[in-house]
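Each of the next two complexes has chain A plus one other chain: chain B in the first, chain C in the second.
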Partner chain A sequence: MSGLRGRLIVTVVFAAALGATAAAWAGVQQSTASLFEAHRRYHTEDLAGRITQAAPSAQYPPGRGSLDRLRIAAGEHSLVRYGDAASGDGVFASGAQVVPAELRQAMNAQADSEDPRVLTQRVRIDGRPWLLIGAPVMITAPDGTQAPSGIEVYAARDLTDVEEQVDGLVRGAATTTLAVLPLAVLLALLASQGVLRPVARLRETAQRLAQGDLAARTEPAGVDELARLTRTVNDMAASLQDSMESMARMEEDSRRFAADVSHELRTPLTTLTATVEVLHDILPRANSTRSADEEEARESAQLAVIETRRLVELVEDILDIARIDAGTAQPRWEETDLFEVISTCVRTRGWSDDVVITGPAAGPGGPTVMADRRRIDVTMANLIGNALTHGGAPVRVVITATSEGASVQVIDSGPGMPDDVLPHVFSRFYKADAARARTPGSGLGLAIARENALLHGGEITAANHPGGGAVFTLRLPRAPEPATGEVHQEQGE
Partner chain B sequence: MNHRTLTAALVGGVLALAAGCGSQPSGIEAGPSAPTGVAPGMTLYFLDHDGNLTAQQRETGRLGTVSETVSVLLTGPGDSDVRTGIDPTPVTRTEVTVSGERMSVRVPVASTEVTAGGVDQIVCTALAGHIQAGGSTETRAGIRFTDTALEPRTCPVLG
Partner chain C sequence: MSPTIGGVATVLLIEDDALVRRGLQLALKRHGHRIEAAEDGEDGLARFGIGGADVIVLDLMLPGMDGFEVCRRIRESSQVPIIVLTARGDDFDVITGLEAGADDYVVKPVRPTVLDARIRAVLRRAVGDPDGVRTHRGLRIDTEALAVSVDGREVGLTPTELRLLLALSRAPGRVFSREQLLEEVWEQGYLGDSRLVDNGVMRLRAKIETDPARPEYVQTVRGFGYRFGPV
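The block that comes next holds the complex of A and B.
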């Protein structure tokens, strides 16, 4: 038995047992003492009365007959002594051997004292309990002064009955004590219920908090320490909820800001793109003989066109990732043949010379998954584009069917990635090489690829191929988790 | 506190309970006053030549009852050197009853047959016998003669 409940039960039971035992012990002691005292008083007074009754008719100094008469008056198991003469029966049949020396000495002292008394001692003779009574017989003068007569009377009274009564008392006390224990267990269980129920509720609340239910609270009951603890936990949960909500709000605000900014930029950028392209187209046509100034202006226009396109791309990427972040991305799920989608992706972007696609042939039996074609296309374009830009041609794309769905590996022929870069390749705007900061691409390509993979319920990992070159692996399930789809739809509304 | 400690404590408690009880040999304890009542003879009260009470030991070999003692008193001093204040009577049967500290002695003589000294003789003899047999020294004795009764009184030479 361990834990709070066990400790509580053990303590209560122990205290109850201790209390019951102590009370029973005290009671039994008291009763036993009273019982023995009552017996002692009765038997001593009885013996003194019997002897006093019989003494006036006894000869003094006593002869054999008088000793016998006194012994008979004293009852069974008694002994009357005068000098060397003695008359005894029962346990005294063989004389005064059974009388302890201690009692005999006390008797001698008693006979010479001013106020002689009847003496008693409890002894065991042959295993039986006896009450030994010793009484010196006195001679009283008419004026009341007393002198020892030399006659001693001993009587033994059997205490077996008294002992049986005492044993009965002990048994009763022990039974009562044992009967208390189940009650104590019951009480302890009840008490532990009272203590542990709030604890269990508190634990449940803490678990719910840990699982993200920040609204979880426990109703505090009472004013004890547990109630105070409950209130403290509630306060903690409340402040946690507050900070989480404000953080979520801030994050939401910044995302919306990014989306809004991108959205606002798109329209002027589109206009700008058109304008710059028109300018670029016009320049050579205006004058066929190019001056140095014109050549310079044309290069500038060329640069403006490229940079404006990049800017548009960047804004589109930011908008896309903001949509995914906000959960407003609504994938169009359809049966997708990965081989076909990837082939098309490579062909339309003019990478066919640098990219080798291997995998099961297109058509029935090829790896198909439930996916959003556009997003798969974007993802693969980002992965392959990244491999061509940062790794090197040729790039191999390996499509395999797996038990869960499909996996696509993009392997480049570059030198691979340093180990310290690997964990960050999917971070937004992460640039592996600070010196080559001005590379084509928004810096969001791999981040968008990863978000798309997650949107499909899949994952994307980066590693180095043992034979050299970086390997990006996209794993897609056969169909997205129903829950995932639902959640996105809900958030979309 | 583990289980073993608890069990040990419980068992110890029960054992202590069991061992504390039962009749163990005890020390010596004092009870009521020692019995009394043996004596080599009776104490009788007679009058000397000046009329004063005087005790006489009659060697009967035992104390005897108060009734017996008074009966012996009524038989007179015999040939000893004392007088009696009670007229001789052929009947010496007496009856003594004790109730608490009141004693009543019925004698087969009339009050006219007993002098004041004789009344003291009867009272003192009865009370002496009562005290010697373990009775209270505070007891008072009344005499019921054949014709009248005397209020309980004490013996002038006792107590």
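The block that comes next holds the complex of A and C.
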């Protein structure tokens, strides 16, 4: 049972039980009181009637016989007293000591009254309930005036039956109260459901929203706080959906833009690449005694080839970085042996003479990571190329297996980097020396290297090696975060 | 089909951009190819229908019928090698192009020497020295006549598919990595796209296996590559 539901039910049941008990108790009290009052009235009137009948025939002052007669007229369990003389039977058989002091005092107090009343008190004698009635006997003078006679009649009436009736009432009330409880639980369940169902629906909606179903809504019911909360949640979901949609639109736009730019730039570059190579091919083969024009044409063709290649590289780099920025880069993760990739990278670029690679050799036990082979190749080519151009040969590449994955250090033999350059080396198009002539490369190499490292869930840092030279450190986790792309699956089977 | 290394191959270039078409035509001509140029898909299909070609270089982004469709239409009746040209460099083009039946792809801007090397690679039919007839269950590979049949039925393979099958069947049971197959069949270095291999295997299976989902001849060795032979 959920917390809210439990509390609701307990509260409702408790309130219902309290109400039922209070009502039953009040009813029992009232019934009991009127029951006793009815009996009291009946018995006092009955006794008064008996005495009124018997009193005229009594002698005055009464003798023993008169007292006895009066007692018999008063019925069972009666006591008739006059001064010290008394006649009693039943509970009064042993005298007046069962009459409580309060009643006796009250009788004494009104002894000289001209209009004494019949007094009653409920007592327990030997565990049984009795109604004690005390009645003074009046003498009626011939002129009709009445005066106290000094005779007192006490009568005891058994209230056992009445008490049993009261007990019955209490039992009835208790039973009713108990019978109400399951009903109260049922009502509480219904009530809690009425409250909790909208809450549950709201929770379900919130869950679906969290899972990315931005169209999830709850129909608000009623006008209470829950309905208001529901409307607020709906509004929130709607604005969330709006901003997600506009973000998706922007992303789609930038994706299309990157694709369009890509296409628009690649098309003329294709012609340029093809034709400058044709030019370059033809011109050197001009006859051996070249004219100045031919010499200049040949040089121009060579420049055109170099610059076209550079332009192509630049466009590729810009598009690559744009794809990463737009989050549309789709790395192809595969188990990659770093030593193997880096040695191949160095070998195919003709750097073998200037680069020394140290680290665990390829094969089982060597540092392998889940990585995009092409991107690791590009990253390492950029780092090593940068080290060779701006630092100096020999360049050391140190591969180490770490607890998280692997780290690769590229250490050059140059003078190291000035401290004010260090924070900017990964900035796009950053030139350490503004006055320096253009260097090979797009100016995006280190920026792309860093983006690729981030794409792998790793990082690149730049520092100066204590032993001299600049050191770039690439750290790669054993596997990228699952969210960054799908692991390349081999097809088949 | 007769072109070999050094021979003159007829290249059908289907490219809508006039300047690119002319530029590639000039460059490929210098590499010793004879170029037929078409400006859109319909034109290309018509020219192929009339004169044929030894290899088709096909731009994917064409007005009207796009390159994927052209590729599928050609594959309905021909095993001619197809190299697709993509200007977007995104994976969708590459995968869709290979699935439509292309043997290889290049991303614009392509250097003519690279395109020439790819053209020569997809044109080559044999791999290794012919060693007579290899038979495996119902599969019969004639390494001299370069003919393949399954249960007596002749199977038409593209040169690339044939080379892939020849490479794998040369050493039954031996595991070839994707990189090895890329090198041997597509003549591409270690940075070549291993999807070429996966796609080639898929198309080869579709042609020679009874149930390509449960291959009998070309097995996947998960995490390594492929091998020829029983499970």
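Everything that follows uses one rule, which is that the second predicted complex is superposed on the first by the 271 of 493 C-alpha atoms of A that agree within 3 Å, B and C clash if a C-alpha of one lies under 4 Å from a C-alpha of the other, contacts with A are read in each partner's own complex, and residues count from 1 in each chain.
Everything below uses one rule, namely that a residue touches a chain if its C-beta (ideal position, glycine included) is under 8 Å from a C-beta of that chain, and two chains touch if they have at least 3 such contacts.
Predicted model only: the values in this text are computed from it and were never measured.
Once the shared chain is lined up, is A:G75 touching chain B (first), chain C (second), both, or neither of them?
Once the two structures are laid over each other on A, A:G75 reaches no partner at all.
Determine, under the contact definition given at the top, whether A:G327 touches first (chain B), second (chain C), both, or neither.
It touches nothing on chain B or chain C.
Quick one: is A:P61 in contact with chain B, with chain C, with both, or with neither? Answer first, second, both or neither.
A:P61: touches chain B, not chain C.
Please work out whether A:P268 is in contact with chain B alone, chain C alone, both, or neither, and reply first, second, both or neither.
After superposing on A, A:P268 lies in contact with chain C but is clear of chain B.
Once chain A of both complexes is superposed, is A:L319 in touch with chain B (first), chain C (second), both, or neither?
second
Which partner chains sit in contact with A:G90 here, chain B, chain C, both or neither? Use first/second/both/neither.
After superposition on chain A, A:G90 lies in contact with neither partner.
Which of the two, chain B or chain C, is in touch with more residues of chain A?
Answer, by number of touched residues of chain A: B.
Tell me the contact category for A:G172 with respect to chain B and chain C: first, second, both or neither.
neither
Of the two partner chains, chain B (first) and chain C (second), which one does A:A17 touch, if any: first, second, both, or neither?
Once the two structures are laid over each other on A, A:A17 reaches chain B alone.
Report, in rising order, the residues of chain A that make contact with chain B in one complex and with chain C in the other.
none
Using the touch rule from the top, collect the residues of chain A that touch chain B in their complex.
Touch list, chain A to chain B: 1, 10-11, 13-14, 17-18, 21-22, 24-25, 28-29, 32, 36, 40-41, 44-45, 47-62, 66, 102-103, 106, 110-111, 115-124, 129, 133, 135-144, 146, 149, 151, 153, 159, 162-163, 166-167, 169-170, 173-174, 177.
Applying the document's contact rule, which stretches of chain B touch chain A when the two form their complex?
1, 3, 6, 9-10, 13-14, 16-18, 20-40, 43, 55, 61-65, 124, 127-128, 131-134, 137, 158-159
Could you pull out which chain C residues touch chain A in their complex?
Listed in rising order, the residues of chain C that touch chain A are 17, 19-20, 22-24, 26-27, 30, 61, 87-91, 107-113, 189-191, 194, 198, 201-202, 205, 213-215, 219-220, 222-223, 226.
Using the touch rule from the top, collect the residues of chain A that touch chain C in their complex.
My answer: residues 259, 262-263, 266-275, 277-278, 281, 312, 319, 328, 330, 334-335, 344, 348, 373-374, 377, 490-493.
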